[in-house]
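Across the two complexes that follow, chain A remains constant while its partner is chain B and subsequently chain C.
And then the complex of A and B:
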C-alpha cells in the first residue's frame, strides 16, 4: 500500500486545521505523529482514513483518489480519539457486530484478537462497565482484528499500565512485520521512538518530518 | 449493503428503547381497554334493567361494535387519546436517536470505514423505519386484540356511514371488518416508520438525543397548527385530513382516499431520506 497526501489542506468553519500537507507513506512501516493538542494529528488521520475530505489537495491510496475513486481505503482499521463501541454490548459482541459487516474473519479470529490485546473474550461485562484501559485495548483489537493494510491508532497507549503498553507495542510491531502500514499518534516520546520507523511533527496544521530513530 | 442492513436491524430490534417505547404504548392501550370495558359494563347494566322491564332488546343491534370503537378508528378513550397525541415521540424514541448517538460517539467511524458513509446511512434509515413502525403498530394491534375481548364484534351496517365512500378502503371496511382493521394496523406502522425517520432531517446538528426524539413531534404539531389556521382562514378545504398527526387513525367522517395517504407517506419518507442523505454526502461532519 502506498499513501500520498498532496497539498492536503483542511479548513473547518474558517479555521485552518491542516495546511499544505505533503506525505508519502508505504507498507511495512510504522509512522509516528507527535505534536501539541489541537495541532492536527487526529485530523490528519481522519483525512487519510477517508472520514473527512480535504478542502484543497488530494489523498491517494494506491493511486486511487479518496472521495473520487474510492470513499474509504479498502482495508483500514482505526481507533481515533476515544475508542467507541455500543455500550450495551460486550466486547465480543461489539467486535462480532463490526466483523459481520465485511465477513473477512471468523469467530475464532475475533476471539484470538481479543486475547492478543489482553482481554477475555468470554467476559460477560457490557462495554459500559469496562475500565478505560479495557476500552483502549478493545479499540486496538477492533483496529487490527481484520488484518487491515492500513492501521490508524490515535493515542493507543492512553490509560494502559506499563505491561499493557509493552503488549500493545509488540502488537503494533507484529502488524508492521506482517506488512501493514501503521500510523500512530502518541504523546509519549519514548514509546513513539521505540515504535516508529519515521516520526512526523504535526503542529498548527503543518507536518514536518522529524527524525528517523 | 445486505450485511450492514442486517447488522443495523439486529441493533434496532435488540435495543431497550424499542421495548420501552412499545411498553408505553401498551400502557396507553391498557387504559383504553379498561375504559371500554367499563363502558360495556354500564351498557350491560342498562340492558339488564331493560330486560327486567321485559323489553326485547337483546335481539337488537347493541349500538357498540369493536370495529368502530377500536381506537384505530376512533380514539375516544383517555388512553387512546394519549397514545394518538404522543405517537410520533414513541416512534422516534424506539431507535430514531441512534444516528446522532453513533455519529457523536465515534461508532460511525468504525462502521463507515468498513462499509461507507452512504451504506451506513441507508442501513440506519431502514432500521429506524422498521423500529418506528413496530413502536406504533404493535401497541395498536395489541389494543385491537385486547379490545376484542371486551367489546362485541357486531358487524356495522353500511347504512351507518362510519367511513365515507371516498375514505381509505371504505368498501373493505364494510365487507370485512377484521381485514380492514389489520390493514389499518399496517398503515399505522408505515406512519410510525415515516415519523421516526424525520429524525434524520436534523442530521447531527442538535446537541442532545432527546431533542432529536422530539423533532418529528415538533414538526407534526407545527404542521397541525399551520393546517388548522389555514382551514380557519378558509385557505384549505375541509375534505381531506392534511395533518399527518391525525392521519394515523382512520378519520371517520373525513375523506382520505388511498392515493392521498400513500402520497403523504411517500412525501414524508422522501423528505427525511433526501435531507439526511444530502447531509451525509455534502457535510461530512454533520
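And then the complex of A and C:
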C-alpha cells in the first residue's frame, strides 16, 4: 500500500486545521505522529482514513483519489481517541458485529485478537462496564482484527499500564512485520521512538519530518 | 462489503431496540380517547374505527381561534419522528464510525439508513395498529379493517356515515399515515446531515402544526389526517395526490441526503 498526501489542506469553520501537508507513506512501516494537542494529528488521521475531505489538495491510496475514486481505503483499521462501541454489548459481541460487515475473519480470529490485546473474549461484562484501559484495548482490537493494510491508531497507549503499553507496542510491531502501514499518534516520545520507523511532528496544521529513530 | 450486511447491521441495531416497546404507550391514551367517544355514542368500535381515531387529525381550520388542537394525532405523529431521531446520527459520530470506514461506499451507508428509516416507521405504525387491535378486541369490537358508519359519524365526528371498502379504509388510516411519517422521517434524517438533529426534529414537528392550518394534499401532514380525506368527505383531499407528495419527499430526501453525505466530514459533535 502507498499513501500520498499532496498539498493536503483542511479548513473547518474558517480555522486552518491542516496546511499544505505533503506525505508519502508505504507498507511495512510504522509512522509516528507527535505534536501538541490540537496540532492536527487526529485530523490528519481522519483525512487519510477518508472520514474528512481535504479542502484543498488530494489524498491517494494506491493511486486512487480519496473522495473521488474511492470513499474510504478498502482495507483500514482505525482507532481514534476515545473509542466508542455499542454500550449494551460485550466486547466480543461488538467486534463480532463489526466483523460481520466484511466477513474477512472468523470467530476464532476475533477471539484471538481480543486475547492478544489482553482482554478475555468470554468476559460477560457489557462495554459500558469496561474501564478506560479495557475500552482502549478493545478499540485497538477492532482496528487490527481484520488484518488491514492500513492501521491508524490515535493515542493507543492512553489509560494503559506499563505492561499494557509493552503489549500494544509488540502488537504494533507485529502488524508492521506483517506488512501493514501503521500510523500512530502518541504523546509519549519514548514509546513513539521505540515504535516508529519515521516520526513526523504535527503542529499548527503543519507536518514536518522530524527524525529517523 | 455486501450492502445487505450493512442493512442487517442497521436493522438489528436500529430497530430491535427496547424503546419500540414504548410505542403502545403512545397509542394507548389515543385509543382510550377514541374508546370514550365510541362508548358515549352507544356504539362498539372495530379495529379500523380505532385506527381512524388514531389518525383522525383535525378538520381544516383557518385561524388559531378555530383550532381544537389534535393532541392525540400530534402525539402519534411526533412520537414516530422522535423514535427515528437519534439512531442515524449516533451511528455517524460514535460507535458507527467503525461501521462507516468498513462500508467502503458512502452512498451505501446512507441508503441503508433510508431503508432503516422506512422499516422503523413501518414497525412504529404496525405496533400502533396492534395497540388499536388490542383496544378493539378488549372493548368488545371486531378485528375488521372496515369502519362502522355510525362510529365514524357519531363518535369520531368525521362528517359522513359512508362505509368505506377495506382497501379505501386501509389507504386512509394506514398507508397514508405510514407514507407521511416515512416522508417526514426521511426529511428529518436528511436535514440532520446539515443541522442539529434536534433542530431538524423541531422543523418536522412544525410542518405537522402547519398542516393543521394549510389544507392541501401537498402540505405534508395532511395525508395522515383521515378526517380530511376525499374518501370520507367529497370535498376532501385526493389520497393519491397526498401519496405522490409523500413519495416525492422520500425520493428527494434520499437523493439530497446521499449528495450531502458524500461531501460531509465525519467529526464528533464537539468538533
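One rule holds for everything that comes next: the second predicted complex is superposed on the first by the 213 of 213 C-alpha atoms of A that agree within 3 Å, B and C clash if a C-alpha of one lies under 4 Å from a C-alpha of the other, contacts with A are read in each partner's own complex, and residues count from 1 in each chain.
We take it that a residue touches a chain if its C-beta (ideal position, glycine included) is under 8 Å from a C-beta of that chain, and two chains touch if they have at least 3 such contacts.
This is a predicted model, so every value here is computed, not measured.
Enquirer: Putting chain B and chain C onto chain A via the overlay, clash or fit?
Expert: On the superposed model, which is not a single observed complex, chain B and chain C clash.
Enquirer: Which partner does A:64 reach: the first (chain B), the second (chain C), both, or neither?
Expert: A:64 contacts neither chain B nor chain C.
Enquirer: May I ask you to decide whether A:7 touches chain B, chain C, both, or neither, giving the answer as first, second, both or neither?
Expert: Once the two structures are laid over each other on A, A:7 reaches no partner at all.
Enquirer: Taking the superposition on A as described, I'd like to know which of chain B and chain C A:74 touches: first, second, both or neither.
Expert: In the superposition, A:74 touches chain C alone.
Enquirer: In the superposed arrangement, which partner chain does A:98 touch: chain B (first), chain C (second), both, or neither?
Expert: It touches chain B and chain C both.
Enquirer: Overlap of the chain B and chain C footprints on chain A, residue-wise?
Expert: On chain A, the residues that contact chain B in one structure and chain C in the other are 12, 49-53, 71-72, 76, 78, 80, 84-86, 97-98, 100-103, 142.
Enquirer: Looking at the complex, which residues from chain B come into contact with chain A?
Expert: Going through chain B, the ones touching chain A are 3-4, 6-7, 10-11, 15-16, 105-107, 109-118, 284-285.
Enquirer: Can you check the complex and tell me which residues of chain C touch chain A?
Expert: Contacts found on chain C: 1-2, 5-6, 8-9, 12-13, 94-95, 97-107, 262-263, 265-267, 271.
Enquirer: Which chain A residues qualify as touching chain C in the complex?
Expert: Contacts found on chain A: 12, 46, 49-53, 70-74, 76, 78, 80, 84-86, 94, 97-98, 100-103, 142.
Enquirer: Within their complex, state which residues of chain A touch chain B.
Expert: Touching chain B: residues 12, 49-53, 71-72, 76-78, 80-86, 88, 97-98, 100-103, 142, 146 of chain A.
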